[in-house]
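Note that the chains take the letters A, B, C, D, E and F in the order they are written out, and that residue 1 is the start of every chain.
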């Protein structure tokens, strides 16, 4: 629907991606995580000051029908809206971007070919094969969205399998990939360890450290999923510049337990 | 639709109301609060160990269409499902009970006549005029629900206005009212103070203390809405035996702020 | 939005109400009952040959947000769409008609004043005070909907309380009321009997017989809610010309039980 | 839930109501109208430059469950969110404001007592009896929402009946009413004329002119619902400073008809 | 669920596909486009006289959960319901047909193998591998739906890439493909031009002309997406016999802009 | 989010799968079928005593957004929740398990490679590649869900094509497959017969008998979809130990027809 105009476009008339700016300025972006399919919980979270919020379509119970109003709810603030895709499938990747996500975290990337497919599906020609029709993205990004989307939206490849570890250099070499995102729970399982966040197992920690360094050395953003702030700080110390802490459901669990424990201990 | 059977009913075949049991045993029930219209957030909350959870149809953004699956989500656990009604209106009160709530907190009660209307709307004949048709309540409560509902569901009158304070004795004298529930924010406003929870203003504290004592003296349950556990403990010390702490949205706010503060202070 | 045209209207250009035609031809209309808020179940039911289907907003778990697509689903067939209102409240009565219901069953009518309020809320001036804006009703009823709605939509007063029995003659005398609808379960309770459908208790049967005769004698349609066909046939024999049998949830219960019993007995 | 802080508040820390500013500067606000319960259509409309958009809960097929994400969608822009209430009922009026509406248009006002009830239900004490708990309104309006809401949200009384015409002076004298809004279709009916917008009938035009002048003379905002711009311009010429044109469904109808006519005429 | 009966079927007892009739009679079908996931907007559009309406699951923000009631809404009229699929994936293609679509537009077809996969996924054996279970399609199409669906539903292959242009002859040769549908925006991009509808660029116009002629020469329906009627008329002149104009969101944008411009210019 | 704990786990702390127990005890499980996307209909069905209920995402009109609250509704009882997947696609298979299904029926399995992909997508490492994040499954299954999920959830391969018949032995030899499920309608079509349930055609009956025997001989569960109890009993006699009868929509159709026939015949 939204055609690009025929007018000359000296400066891009697209809403800039603040995540790119934070990282370009040497900062580390702090990302929150959303699994509850409700516009209210999203809007509450978006007002708390997160640099970005990621709607989880893989392990969150979020469907595409939920996604669109959730992205709208984030857009009431200047928090950057990201989405973790359910799977590397071109149909849903296009729909996520059309809905106005400014970045996609793609799970279970194993090879450079996976990354290439990911980039192709999320880039307009000539780089890729994304189809034109950014219905809500045009509202969010502005009139020149179509012309500048390729350079604005961000592509995160999840590194969470043994295969991905082996293929890391090739993965990082794919043009158009912006960032790597470590899923520590799956990565631990892949390395024969207990699945968990904030992992202290040396084998896993070594792998995390290696991925972080290689990613930054390749000029890309290094991201990692964490449970709590102390571990996230260590990761920033290791060079990661995109760190997730907390999730909406974790806040419900932790908050409930803290209150119930305090009340029942004292009574 | 659900007829009561013609069989003799020596012992009630209805799911008992655990809140009544907790209070009858001298305990204080700990209640959580729900304003997010999502079955996932409700099911997460219901698994944390709250004695009861109240779905807020007044100030929560919850509509009747949301309410029914939220009550279903609570019913996956033995947490007692309560609802704060949007208003003292017989149509919605009946629908809330038919959906399977085991208690209703009714806002803005001012007079004994209000309580009488509340009890009538929520009781089957001969005590009241509730209409027969407990479509989901019959699933939740069991086959004898209709015969025993009047004695099982609980009726909480909110005391939060100057008028209610003046009429407290008459309010407490209405047969069929089970409990009083203080809304400290509105009560503070009504007394010319800042609206807030966990109020320390002496005038409001005096009123709270008075309401709690009068309620227990009348043989009814004394409930109050609180922000955090320390204040709730003080209220239990004053004789309150139904205390709310926390809300789902507060957990999102508090959890986000704690994490963001910790991460940004140290970076 | 929908203005009536300025063209002369010799014959009404509104979709006729087939229920009125069935009854005018001396027939008895057979009505089904809907409590499941899903467009699929409604569309399945609408294709089975019911003369009318009533969406139950009182005891069904149906909200206004569910109602509109349910009415749309009925409109894929020529089954007449009716709605039982949650309560005698002008706001919701107007919204139900604007959504395209061709008849409203209003619960808990007790007095002639109740009926008058019901007729006023559901009739355009000069008879009533219904507000103009039949957004979906105009699609369903056609361009002249507004001009002929008063004579097309049907108003059913539920008779289910002792008060209504006492005031029956006055209720039937209100101009604009089209029909009476007996709720046997509430009526039984009101008369001190067990709440049930297909009632055999003589006191209740006498009341039912009396209401049916008085209603037909007053030139109005006599309706009654039944469980199963044999009883509905007896009611038709008594002069009732609008009989409900079955409900969507009852079909799920009866069908499941029949199959499970047959399978488990034989295994 | 959201307490007001204890900090001194020299300047209000609440999002200002741009409608009040437009009118204070001598302008006429241009309002659009929403009846489709979808966040996408709302977000599209909100990006077109309307001063305000009114979500119609009376004749639109919009329920409270739809309303909240629709208000969120408007909040992605600086368009002012208004709601037409389904009816003068305190429960829903409070819920609409808690959801973040910055103004309410209340239908079928007839007397000064109606207006008083309207103002009381939508104002915090001491002026009114609105209950504290602006869950989404606090996100939208900011931390000081509760302290300044009474002066920020706007109250529009619909004048659309003969009774309201008779009582106009008394209606306009109620403190706390900000504006009058004419419903020309109902007003026409009330005066015995065809219900329509952009009415040319002299009797109705005289009434409209009279209401507009009396309202402005009373220092209040004069609003009117129109079909198309030429009529709205005439109304501005008469002194009206809040004019509605168009509705989302009308745009679908007009756009479809224009295209189909053009294509079929020429083929 | 719906078995086909064992009775002899001389004449097909399936609802005919009016689009096939229009085209067989030498006409050009006029198609509207739907991206708003609301039953109300769909029902309004369906009453305006479009030959068919296409629900866009690719670039519209429409999910499968939205699709089903939207198809139901179209079925209140005799407008033919079509769906653009999100992607060439057998699971969703089958679900779209089971929901009652009478045609599918499949995006990003590049090769004859793509078309073959498309036809196989949308045809029952022996031609294809569609699985039996037309739950809503059986309601819409009638009892013999399963026996005649292969010949009734229509398959449109989108031609919008350089690859598809190269493979056009092979694509058109696949048995079971009914129509071609040009996406001018993606096709322009693929040819190195600005993405837009109603394209005047000679290179793109030549390609469009070529595709149209080849398609009609192959005995298939030639379809194209257009912005406005004048261009659609030119396309009909070129031999296209299925033309889309307008979309629901475009009508909101155009209608708003026209009104706001007219009002603000004159004020 | 859900880490597995570090504590020693002598006995599995996961909710056992009752279907496995029924079958291990030599019984035949009786399964019901759900195609209506409503929590109410699901909760009603779950209370009728089915051993398991299968939510049909292939031919039912159920989307992932509907699935989650439907699984929650089943969890109010001890009925085992199963899901038929829309297609063999890893993204949706993982999401179904994360939502708390205790078994998946996968349609259109043709080869051993299909089964291997199915098992890999639904098993955590080292057996498979399912990603860790059982957000609702952790609530339903308990804290040790992740450690024991591979042995608890059940995998049913649908046998309904000629290819699957040919490859039956290889299919049954795949480690991790728990059961086979016959779709008689598609199987009939594949064998050149009319698609129907409760098939009496000898060719199809022979195939069914063969599949049942081979499956049990391979030590796996033999399941089949049936229309009515008598046929299901015969299948149990043939060795099938998982039989489906009835569906929610069939109960609506059968119940309506029975009542309407009885009423109209006698009138």
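Following the convention adopted for this analysis, contacts are C-beta pairs under 8 Å (C-beta built on N, C-alpha and C of every residue); 3 or more make two chains touch, one makes a residue touch a chain.
Please read these numbers as outputs of a predicted model, since none were measured by experiment.
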Furthest chain, CA centroid comparison against chain F: D
Greatest separation from chain B - chain, by CA centre: E
Same-interface partner of A-F, chosen from the options A-B, E-F or A-D, over half of the pairs matching: E-F
Approximate Å spacing (C-alpha centroids) for the pair chain B, chain D: 34
Centre distance in Å when chain C and chain E are each reduced to the mean of their C-alpha atoms: 40
Interface hub residues of chain D, defined as touching at least two other chains: 35, 37, 40, 44, 61, 63-65, 68, 89, 92, 135-136, 249-250
Arrangement of touching chains [line / ring / star / complete / other]: other
Chain pairs that touch, as defined at the top of this document: A-B, A-D, A-E, A-F, B-C, B-D, B-F, C-D, C-E, C-F, D-E, E-F
Contact footprint of chain B on chain A as seen in their complex: 28, 30, 32, 35-38, 40-41, 44-45, 48-50, 61, 228-230, 232-233, 236, 243, 245-246, 248-257, 259-260, 262-264, 266-267
Parts of chain D lying in touch with chain A, wherever the complex brings them together: 39-40, 43-44, 47, 68-69, 72-73, 75-76, 135-136, 139-140
Partner chain A, residues of chain E touching it in the complex: 35, 37, 58-61, 63-66, 86-87, 89, 92, 107-108, 160-161, 183, 185-186, 189-190, 192, 194-197, 247, 249-250
Contacting residues of chain A [partner chain E, same complex]: 1, 3-4, 6, 63-65, 68, 89-92, 94-95, 98-99, 124-126, 129, 131-136, 146
